[in-house]
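Here chain A shows up in two complexes: once beside chain B, once beside chain C.
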Partner chain A sequence: MLSTKINKYTSMTAINLQNQLAYIWDTLNRSLFILFIMFIFVQLWAAVYGDGGSPDREIAGLTFVNVIWYLLIAETMELGKARHDLAISEEVKDGSIAYRLVRPYNYLVYHFFHNLGETLVRMGLVFLLGLPIVLYYAGLPQIDWWIIPPVVLIMAGGMLLDFFTLSIIGLLAFVTEDIGSFRLIYQKLVFVLGGLMFPLDFLPNWLQGIARSLPFQLTTYAPARLFVRFEWSLFVDFLGMQLLWLAILGVILWLQYRWAVQRLAINGG
Partner chain B sequence: MNAIEVNGLEKNFQLKKKTPGLRGSFRSLFRPQIEEITAVSDVSFSLKEGEMLAFIGPNGAGKSTTIKMLTGILFPTAGEATVLGFTPWKERRLMAYHIGSVFGQKPQLWYHLPAADTFQLFARIYELDDAAFKKQRDFLVEAFQIGHLLHIPVRKLSLGQRMKCEIAASLLHRPRIIFLDEPTIGLDVVAKQQIRRAIRALNEEDNTTIFLTSHDAGDIESLCKRVIIINHGRMIFDNRTSILKRQYLTKKVIDVRFGERLDSPFHLPHVETLKQGTYGVKLEFDAQAVSVEQVIQQIMNTRPFNDINVQDPPLEDVIREIYQNGHEP
Partner chain C sequence: MNNLRAEWHFIKGLFALNLASAMEYRASFWSQIFGMVLNNTIMLVFWFFFFDRFGAVRGYEFPDLSMLYGIAATAFGLTMILTGNIYSFMAYIIAQGRLDYYLVFPRNLLAHVIFSRMHISPIGDVIFGLVLAFWFIPKTPAAFGLLAIGIILAALIISAYGIIAGSLAFFWGNAQNASQQMLGTMLTFSLYPDTLFRGAARVLLTTVMPAFFIGAVPARLVKTTEWANLGVMVLAAALSWIAAVAIFYGGLRRYESGSAINVNS
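Let's turn to the complex of A and B:
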């Protein structure tokens, strides 16, 4: 019984994986951006650290190698996103949400598993494309391999949190014609307060305080920072924050979804 | 047992209205005018299990809105409905295992993948066991004649081929009721006939209840014994298709193109000439007074023709006639 339920949702992941593979060149093209951005980042931080990336120098506790690996992980999290907020908004606008709602599954859970298929392919591609540049300029990360499972856990929490946020944005299509502006705001907040452009450690103290109390850092900064400098206390902090924000955003999303479904009017008859 | 029971169903939508021009735009920012539109009003009927019902009406009549309430997607403003004993909008997910739906203009198959992949996905979503899935899939492949299409990416299929796969996909879980919203829209004659044949086979094999909306009088005549006509959200006719045909679908329109010039006014007994051009005529006649065959024979006797096309009167005319005759549902 349970296995058929699990099967049901994993098959949604599987079909989107197939779909991505059917269009692998398309997905690949969209992922090529990582090459440019990583190359630019390497040049930029090599200049900041001096001597083409001095190995001994630390800024806010992070070495050049730390920063480069940090950026690869953070970019993988950001560029790997499947952007299902657009899919939701399209479904609301063109009325195809009707087909989703007549099926025996939860609409949001469907999107989550469906999303996962695309996210895994894209994250894999982005990471693999960025990897040679990082290895060439920064070498292997100086980490203990046992930290991978806890980092992956924080990654998963971050992905779920991002899924919640983007779902809330996508469902806004019920009230507003275009969700573009909300996406843009969220994206820019992730850029700066989420630590996508540089680790939050480099921000002035007062701004760091703000950034660390907000959820934006939990998707990008948290896993990337833990990967390059693992600390158990930091892990516990991130996990706690993730659980707290998952609860808050989860309640908002659930209320918003119930409200949206009840006031649903299918566009186009 | 009744498959569908509907009582006083009503659905209102709120529509924001804006007066034209810049001033109107500003005004609607601060004081939006909201108009309530009644899409469906006081619709009541019941449908027995295994029955095939045509639910028809012009654009914007409330057909799709009714289907969407019966499939649980929309919440009604008032009224009650049960579908297979479920209240659709309250027990949508439970009910979903037992109903199928095809929304003609909206695709459900994965565009870049072959239909077989979507079929597999649906088998999982509906939690079918392998044997049941394969049996039903083989039956549908046979009924819709889509064996050769299953492994081609959907984007490469023609509209008719795609629609056959779309409908088959909705039937994999052997639903007890199928809601078909304009399943033959935009299709050619052959594809339409194949789809009708398959739907009929399904009804005969599985006693599947069919709830069909269509603009095509052919769909209705060839499939459904019962018709409900809805206009401006209200039911205006609920009776046997044969009665609709006898009373309202009696007129036929024939377009003929001749191989030579028409020099004199075209006239045939029992046939009205609606329009006459240099090479063609548009004729109307009452199929009860004279048969289609007789009329075509008469035309052939006058002079050779290149093309001939027999049509039913548009639904709008039928509805107008129902109103003129003061027919009550």
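Let's turn to the complex of A and C:
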């Protein structure tokens, strides 16, 4: 019974993965932004660290190479996201959510697994496209390869957290015509308090304290920071915070979803 | 002369209609504007902390970057409010054969296409950009005059670049994503200090993708009141528009009607 349920959802992931691979040029085209933004970041941080990015200079414990690799991982997390909040909002606005709700699957779980296929392809492409620039200007990362599994675990937690937040934003379409502003504000909070533009370690101490207690850092800063400077204590901190925020946002999402479904009125056939 | 006046009245009419239509949903209208102001403010907060931590970077300090950001946001906002079709929609209209709708009107085709859509959230860009620019501008009449001229010229360059990007659909077919990426990339480069880029990147960002003319050059023009910068900007705007008009009407010769019945929304 359980395996049938799981198979149903993993098939959704597989189908969307195939779709993305079938239209790989389109996906590639939409991922090209990483080339430009990584080029800009390299120029910016090379200027900060001294011309060419002095290899030994450390700022807040991070070298030029650390920062550039940090930004590649953080951008991979951000640009690799599938925008299912828009899909939910469209379904709410055009009424097709009613059609989805009667199908034999959970609406939100469907979106998660459907998204997963697209996210995996996009994240892979963004990383691979940004990689040559990073290798050319910064070289290989100074890491131990055994850290990859724990970093991937934190990445997965970050993706789930991001899914919860974007689902909450998507379902806001029940109360507001346009969710674009909410999405934009969330994105920009991830930019600054989530450490997408630079590691939180560069922020003033008082703001670091605030940023570290919020969920935004757990989707981008956490995996990127662990990748460039792995510490077990940091890993445990991030994992604990992710579980806490998953519980909080999960309850909010569940209540909001229940409220939205009850509010839904279907007329005609 | 009469023709020009008629086109001007027509464009004013389009603007009034677009605005009335956008304001029908008041809550959405104001939330989009407020969202954009907040969005830009958060980005500025990043730059504040950046300069607070690292000081000047290649000659740029926080006030310089703020002026650059204010001018670029205002110019981009004005372009998107007035000529909203240039941001990816133009490529879509051409690729889908929807240009038929515009071709049958006894109006200037390019003007009709670009002025037919208005975006709401960029009003927030303009409000944010003007407040920021006024905050950091040298308080002299010349600087205020040059700020207005700089913003208009930057907006002209953005719209010309948008027309060029959208016209790619005449040659490539489905160029909606590409045109959106071209405009988005130019805007991204325009929001960073121009002194970061050297060599070939610098040449590209002043010619093929004229990002420096959106923020860095007009910001320097306002700060230093060097007339040479104004001359360069006028030249860049003129050349951009000559290229845009030539590419649009050159591409139009390749246009094939979609013969489809469209309802414009």
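We take it that the second predicted complex is superposed on the first by the 263 of 269 C-alpha atoms of A that agree within 3 Å, B and C clash if a C-alpha of one lies under 4 Å from a C-alpha of the other, contacts with A are read in each partner's own complex, and residues count from 1 in each chain.
Basically, a contact is a pair of C-beta atoms (placed from the backbone, for glycine too) under 8 Å apart; a residue touches a chain by one contact, two chains touch by 3 or more.
Quick caveat: nothing in here was measured; it's all calculated off a predicted structure.
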Touching partner for A:V192 - first (chain B), second (chain C), both, neither: second
Which superposed partner A:S213 touches (first chain B, second chain C, both, neither): neither
First, second, both or neither for A:Q142, with chain B first and chain C second: neither
Touching partner for A:M12 - first (chain B), second (chain C), both, neither: first
First, second, both or neither for A:R103, with chain B first and chain C second: first
Which superposed partner A:F202 touches (first chain B, second chain C, both, neither): second
Contacts of A:F39 with chain B and chain C, given as first, second, both or neither: second
Contacts of A:F182 with chain B and chain C, given as first, second, both or neither: second
Sites on chain C touched by chain A in the complex: 25, 27-28, 31-32, 34-36, 38-39, 42-43, 45-46, 49-50, 52-54, 57-58, 121, 177-178, 181, 184-185, 188-189, 192, 196-197, 201
Sites on chain A touched by chain C in the complex: 26, 29-30, 32-33, 36-37, 39-40, 43-44, 47-48, 176-178, 180-182, 184-185, 187-189, 191-192, 197-198, 202-204, 207
Contacting residues of chain A [partner chain B, same complex]: 4-5, 7-8, 11-12, 14-15, 18-19, 22-23, 94-96, 98-99, 101-106, 262, 264-266, 268-269
Residues on chain B engaged by chain A in the complex (per definition of touch): 13, 59-60, 64-65, 68, 71-75, 92-94, 96-97, 99, 101, 103, 105-108, 110, 112-113, 117-118, 120-121, 124-127, 153
